[in-house]
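Below are two complexes that have chain A in common, paired first with chain B and then with chain C.
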Partner chain A sequence: MFMIRPLILGWLFAMAFAAGASAQDLGRADLVARLCGNAAATGDAGSRILAGAGQPDAAELPWMETVISALLDRRLKCAADPAQSVVEGDGAVRSAVTLEPASVPDLSKVPVLNLRSRAILELAQSALRLRIGATPTIRRQALAALGRKAASVPVEVFEQAAAGESDAGLKAEIESTAQISALNSPDISKRISAVERLASTPNRRVQTQIAALQADPAYTSDETFRLTVDAALARVGQGILIGDVLSTLYNGLSFASILFMAAIGLSVIFGLMGVINLAQGELIMIGAYVTWLTQEALKSIAPGIADYYLLIAVVPAFLVTAGIGVLLEAAILRHLYKRPLMSLLATWAISLFLINLVRVTFGTQNLQFLTPFYITGGVPVVGDFIVTWNRLFAIAFAAITLALTWLVVNRTGLGLNIRAVTQNRDMAGCIGIPTRKIDMMAFGLGSGLAGLAGLSLSPIYNVNPQMGGNFIIDSFMVVVLGGVGTIGGTLVAALGVGQINVLIEPLWGAVAAKVIVLFLIIAFLQWRPEGLFTAKGRRR
Partner chain B sequence: MTRFSRRSFLKSTAGAAAAAGLTNLAAPALITSARAAGTVKLGCLFSSSGTMANIEGRLNHVVRMAADEINAAGGVNGSTIEVVTSDPASDWPLYAQIGRQMLQQEKVSALFGCWTSVSRKSVLPVVEQADGLLFYPLHFEGDENSKNVVYVNSPPASSVLPAVDYLMSDEGVTAKRFFMLGSDYVWPRTINKQLKGYFTSKGIPETAWKEEYVPLGFSNFQTLVNQIRAFADEPGGQPVVILTTVGSSIPDFFREFINQGIKATDVPVLGLDVVEADLEGLDTAPLVGHLNCWAYLQKAAGPANEKFLKDWAGYVDAKKVPFKADVVIDPMVSAYDSVHLWALAANKAGSFEVPQVRSAFDGITFDCPSGYKLKMTAENNYVYRGVFIGSVNEAQGFDILWQSEDTPKPIPFSQY
Partner chain C sequence: MKTLFADRSFAALIALCAVAAIVIALSGGTSMLSPYMVNAIGQLATFAILAVSLDLIWGYLGILSLGHGLFFAIGGYVAAMHLLKHSYEITGIVPDFMQFMGWQEFPLYWAGLSNAPYALLLALGVTAFVAFVFGYVSFRSKVGGVYFAIISQALVYVAMLLMFRNDTGFGGNNGMTGFSLVFGWPAGQPGTLVGMAVVSIIVLIAVLIGCRLLVTSRTGRMMVAARDDEVRLRSLGYGTLWLKLAIWCLSAVIAAIAGILYVPQVGIINPRVLSPELSLEIAVWVAVGGRGYLTGAVIGALAVNALKFWLSAAAPEVWPFILSGLVVLIVLVFPNGLLDLAGLKWKPRLLASLGGAK
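Moving on to the complex of A and B:
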């Protein structure tokens, strides 16, 4: 039976082993004791496991993987005696040393990892998974994680993994990644291939790594090496530039999609009836709450498809907010059309009422949304450009909404009537269009679009009763700039404001960006008071 | 049918703005008011609407809970405490206005309130003029020492600097480069000014840090996270982010940080205003390892904390408080401490008059739920507090990574 070593002794012991000491040099119990020990001991154990992952003998690797995965996920419960420490998981409790069934000791603690130990342990975990992962998918993910820090992974890990790899494609990938760890090897030809391999995925991290080589003695002494490094830097620089341009466009498009979604409903309402609907932001908020309710309902009725709540909630989010819109129009706004200031105040009162109604019903805390797999994370494309799925979702959603709204307004009878009333209300009334009913339908359409905005924004923003206030100013800006009542105008204005914002932000900061955009809009409206586009027709 | 021309639209929006101004004048209605004599009144200045509502709102309930606790034990100087709450709506000048009303009309004996420094700065002249007493429960930028404000939480020297030291140490991440991102107002700007002074004193060159500010309530962090990635990939050593955004900007920032795939082991974030409540609604698994620093964390060991957590859960349950029963954050505990410190001082002074209460502060101690014994001295109105560094865990909470051995002496004015 091992006793835990006093901390100081353990630390000195750790120091006595120089780099290269591997986990196999220690017994299992000793390794568990270190993983459960203080920060220095845990870090030392992590380095040993990383070195151990490069040993030819794979017998101990599955055990190591189990224990450090448990430690990282806080499933490792440490006791004073390492033999009594246990690993929880898969509904079972097992001894951390033997992996035999055991019981949780009375006095146990879950170690808190500091960042340094966590980084080493995550690297070690990936190294172990690369060697013993059950499926090629797991091994490929592990390789991707290792690839980002390939220079700090012992080259033996890649060599052993490649030797034992059965999937030919993956084997080639491992060998290719392994080249990177040879960046500082004494063999100059290996270094050159490492530089070339690095330059094939251009980003700023790689640029820093390669640029550091310009201070290397080989850079001055070896002609081929110097040329390779210079060519690689040029190639990386170009990749970064392309990435930056794409990323600016993408960020602008993403911001534009948010602005567009927030503004499109308002554009319909403001354009048609001239009602300044200050409750539009709150309709967005209600759309987000309906999305949340749909998610909760799915969780209890059909947990299997709960991940798809964002798609399923499209119908309820639209219908509920459209219903509220129709109700508001029929009950309140209808009577105030001739008094614009009153309708403005009334919608403002409605917005306060809705905020407080939601606050009383749900509380002020942020709602907790599931993050479905299809909007989690992102994928690096070129240079430092990452396509993030939640933004892409918002962009795609905005594009579909745009298409559908355009179809409704330009290709349906309702749309024809809406356009007729927008252009000349009295004339439309004279030829028998029921203008009052059209008003109601249009208000419902505009409100429903706000509900959809709430849905598409819920993966990006915090959902709480106050969220609507964020959007109202921006959306008015877009509607007024675009020209009242034109879908195209709203789209172009959203794209313009989004892109300009994103261009200014890195140069002068987010505060200045807001101010400058506002000034640009004011200046533009001085020159063209009717906005970018105006609906043709006889207006006052 | 009336249609808006752009001119009339602008007019009516101006009308709306004016109307918004009018509600400020209508503030008396916002104060939920009062009862008869035999009681002593305490006033709360915490918003339950606007950008700060989610985190500030719960402090009203904590003050009530502490008052109930003291009342149950016999009150103060034979009087029962009555708590007067209000809603300054995250509108900074409104804090001053309601504060003045509370002091002059409601005749409260002490005010408990403010989260952001800008709201404290707006109340400051009011309490100084009326010689009132404001208990301020947030850690803040320091550089202020009013006899009318009790600074219950820590100035930077005993909160931010220990955390930055930790990050720069070998036990932390040996941080060499700093991206300071904050909301654009006095707290982040002063903290960053002091940090820059501190970095200079440590011999860190000016090229090793970068400073960015966003408007309050800002939510679109895409380009800023891009900038952080670019900064992190430059040479020069381990980068960290020092985050001083407040309110809803915190979860919005973290969401973008996750989606761009940055892990705490690549670029750790030290969130100076990040509390458990900011993580509600986020999947924290990809955030594990990010840091914060406060004078209390929910995981603090000791019987005082166990009792506090149990009391709060019971209070939420009994009073149907619309906040989570199992989430307790530092400002809640500090607000709770504030009421007790006031009661201890008032008892010691045998009076509710501000000058007497103030002179009674010297030497009072209180067993804070954090496990430390709070202490006040005659030197100033600062409180001796412990320091915790927390690390985000999967359960939307913070594990204690480091805590100070005792309560360091609070230093109001920074030397940097």
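Moving on to the complex of A and C:
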């Protein structure tokens, strides 16, 4: 196969440009005769159709598309006389020349395609569909098929298709693909401008296309062409580098936003009560399950807005997990005040209980989430860096959560009380702050934030009863690194841990990243045992 | 001797262990006591040793380690490496993980492991080294309490991730199994099982007596003082860093001994022993039995594991619920574990005044 592919491409190239003649030069009957002929004739017909797809006149194109699709699907029955040949399909038999109803001739055969002619016929079919496809989806698929071999498609196909295209996004894509085709245009000035325009959207595909031109005869014979190609390669290389750096930063940012979401609730609770909530991961899991339940409920009640489940579930995910948090605080943790190590065991027991409760209720399999339109796909920015909507959603969600948490902690009465109790519990109690009630509210807030974390990561990660364990140790590390009970510390630590993870992962793997992060944190604690930011005030 | 057995429950426990060892030695493997039971008792004894090791550091020094499975695993892994290498040299059967990886030779760090004394020394040495480094950097910067617990948990978690990799030469996610010889005796035979169980119980007795001597000594007083008010102890002129570090390393070494004894009895080791859950369960055993009492740690390990052996066979779905309920109950109602439940009045005054250990 590896040997054959370059052969086919070279052959396609030769056929498409050496033949030059288009299908419109022949009559319909003549074309059908060639399609029904031997391998060489079929290939010639295919390249003529490909050239014909680039003609301004689109009148004959639907007919060509019908016949060529029939041939590829083995629905074209050839007779000795082309006029007798028929096309089957859609429950009808039609003449291959006129597309009028007809009957299957007595002596008919189905032409056998070899690898070469099939490749060029498929290319011709895609070119036709790009011109006359009924829906943007069909045309987009056709463009994707053409894009892989854009160099062997006549540039006119893309030019005509772009001129007739109504979908603006698709039109831009067609024009960009056209540049690759124009690289092999016989006209040297067209080639140079194509190279320049391609270099303005650098990515690895473009790099391969332009680098291939260094082997072109024109590269050695034409000075201007050589300089253009070299400059373009340098520009593309730079663009790819920038794209890769941005892409790493973006991935790190999205990982950091997940870490932040998982850690912020933990941090608030730890700062206030000195309690590490080992069930935080399970609250994240429950947040994700509530999101799923919301989606299922919407599907059955209001399918029209089911796509918006990620936004609608914000309220139930927060309330359910906050409720569980308040319940836990009131029933268990408030009795473990001066015994933080015992509260570790208690919260672990709770996490064990929640995991098994969910496992018994829902089973252990991963939940299936819809992928709403607003988190599908992405926008290519530079190089191979694509801003994917699902990660952007997680980042934006974390940013909003950060802002709201900051507002609650710094601009509300509850937040003032939380800060007071965090700094000095006894003194806060003395001046009349109901510390126990504040504990309960803060525990609810921290738990609710875990629920929101579960919501934001449900479109990206696997959701199952054990998922909590994957986040919990990372988020502890963020809390330990960031310092207790400070939003800023948690944010900076999450960004740091996220970026370090993403930087190390491609070099030595995910496990090494975790090991190195842990050792960095232990080393860091030698320098600042209290973490990056410390809430001012006396520690207990 | 007087202080050693002044505590009647401790004396009773030692006597019970001694009786168990003698009974197994005499009638183990016969119809009276099936090899399965002998093996189960032997494994329980290693869990008891593990619990005592954690109790030493948590109950008496107030440092909760949620990563004690790491030291248990180091002992277990080195023991498994010794058994495999030894079996290989006698029988010539290439270990599974090497066939799986397509390796012809043992990695360099397996050198000399067929020698039992060297393997023992290596297991304890590596454990002590890891414990020392981790303990030194933590205690030096006064990382303690919840911080220490969390970081030790992260340590064991990271170790688990490392061991799950297949290219480390430690068996990867399948672990190591298929020991044909246990210190020269055929594996899985009743005689070998009885021998291992008796050795485990004797080691348990030795560890208990050693720890008892330690905690009733001057050092033991300092340990309790450091647990109850470290700042005051320091301002009285006692350095706590080396005290904590020494006890921490001792505790780690005892845990490694438990691992060394455990692996030949179960016949397998894999990275699951490094899961944070197992390390947390050790703390649960100690909490259930009553921390700060060596007897309690042993009773807790035996009670929880006996319950687990029974329930995970009889009602596997219910076991996690029972365990979590048990923990919440112990933590909320019986802060000193089963010893509270028994109504025995051994609550030390210091503990009582604080309403439980930190």
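Convention: the second predicted complex is superposed on the first by the 367 of 540 C-alpha atoms of A that agree within 3 Å, B and C clash if a C-alpha of one lies under 4 Å from a C-alpha of the other, contacts with A are read in each partner's own complex, and residues count from 1 in each chain.
What we mean here is this: a contact is a pair of C-beta atoms (placed from the backbone, for glycine too) under 8 Å apart; a residue touches a chain by one contact, two chains touch by 3 or more.
All values derive from a computational prediction rather than experimental measurement.
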| item | value |
| --- | --- |
| Clash or fit, chain B versus chain C on superposed chain A | clash |
| Which superposed partner A:332 touches (first chain B, second chain C, both, neither) | second |
| Which of chain B and chain C A:207 touches, first, second, both or neither | first |
| Which of chain B and chain C A:522 touches, first, second, both or neither | second |
| First (chain B), second (chain C), both or neither touched by A:169 | neither |
| Contacts of A:27 with chain B and chain C, given as first, second, both or neither | neither |
| First (chain B), second (chain C), both or neither touched by A:348 | both |
| Superposed model, chain A: greater residue contact from chain B or chain C | B |
| Touched partner set for A:340, first chain B, second chain C, both or neither | both |
| Which superposed partner A:477 touches (first chain B, second chain C, both, neither) | second |
| First, second, both or neither for A:276, with chain B first and chain C second | both |
| Location of chain C clashes with chain B - one stretch out of 58-66, 76-84, 130-138 or 292-300 | 58-66 |
| Doubly contacted chain A residues - partners chain C and chain B | 270, 274, 276, 338-341, 344-345, 348, 355, 476, 480, 511, 514, 525, 529 |
| Contacting residues of chain A [partner chain B, same complex] | 39, 73-74, 112-116, 118-119, 122, 203-205, 207-208, 211-212, 247, 251, 254-255, 258, 270, 274, 276, 278, 337-341, 344-345, 348, 355, 359, 363-369, 371, 376-378, 380, 384, 386, 388-391, 425-426, 460-467, 470, 476, 480, 501-502, 505-506, 509-511, 514, 525, 529-530, 539-540 |
| Of all residues in chain C, those that touch chain A in their complex | 58, 62, 64, 66, 134, 137-138, 140-143, 145-147, 149-151, 153-155, 157-158, 161-162, 164-165, 276, 280, 283-284, 287, 317, 320-321, 323-328, 331-332, 335, 354-358 |
| Chain B residues touching chain A - in the complex, by the definition given at the top | 1-6, 8-9, 12-13, 15-16, 19, 48-51, 53-54, 57, 170-173, 184, 212-215, 217-220, 222-224, 226-227, 229-230, 233-235, 248, 251-252, 255-256, 258-261, 263-265, 268, 277, 280-281, 283, 288-289, 291, 322-324, 391, 393-394, 399-401 |
| In the complex, chain A residues that touch chain C | 270, 274-276, 332, 335-336, 338-346, 348-350, 352-353, 355-356, 360, 469, 473, 476-477, 480, 511, 514-515, 518, 521-523, 525-526, 529 |
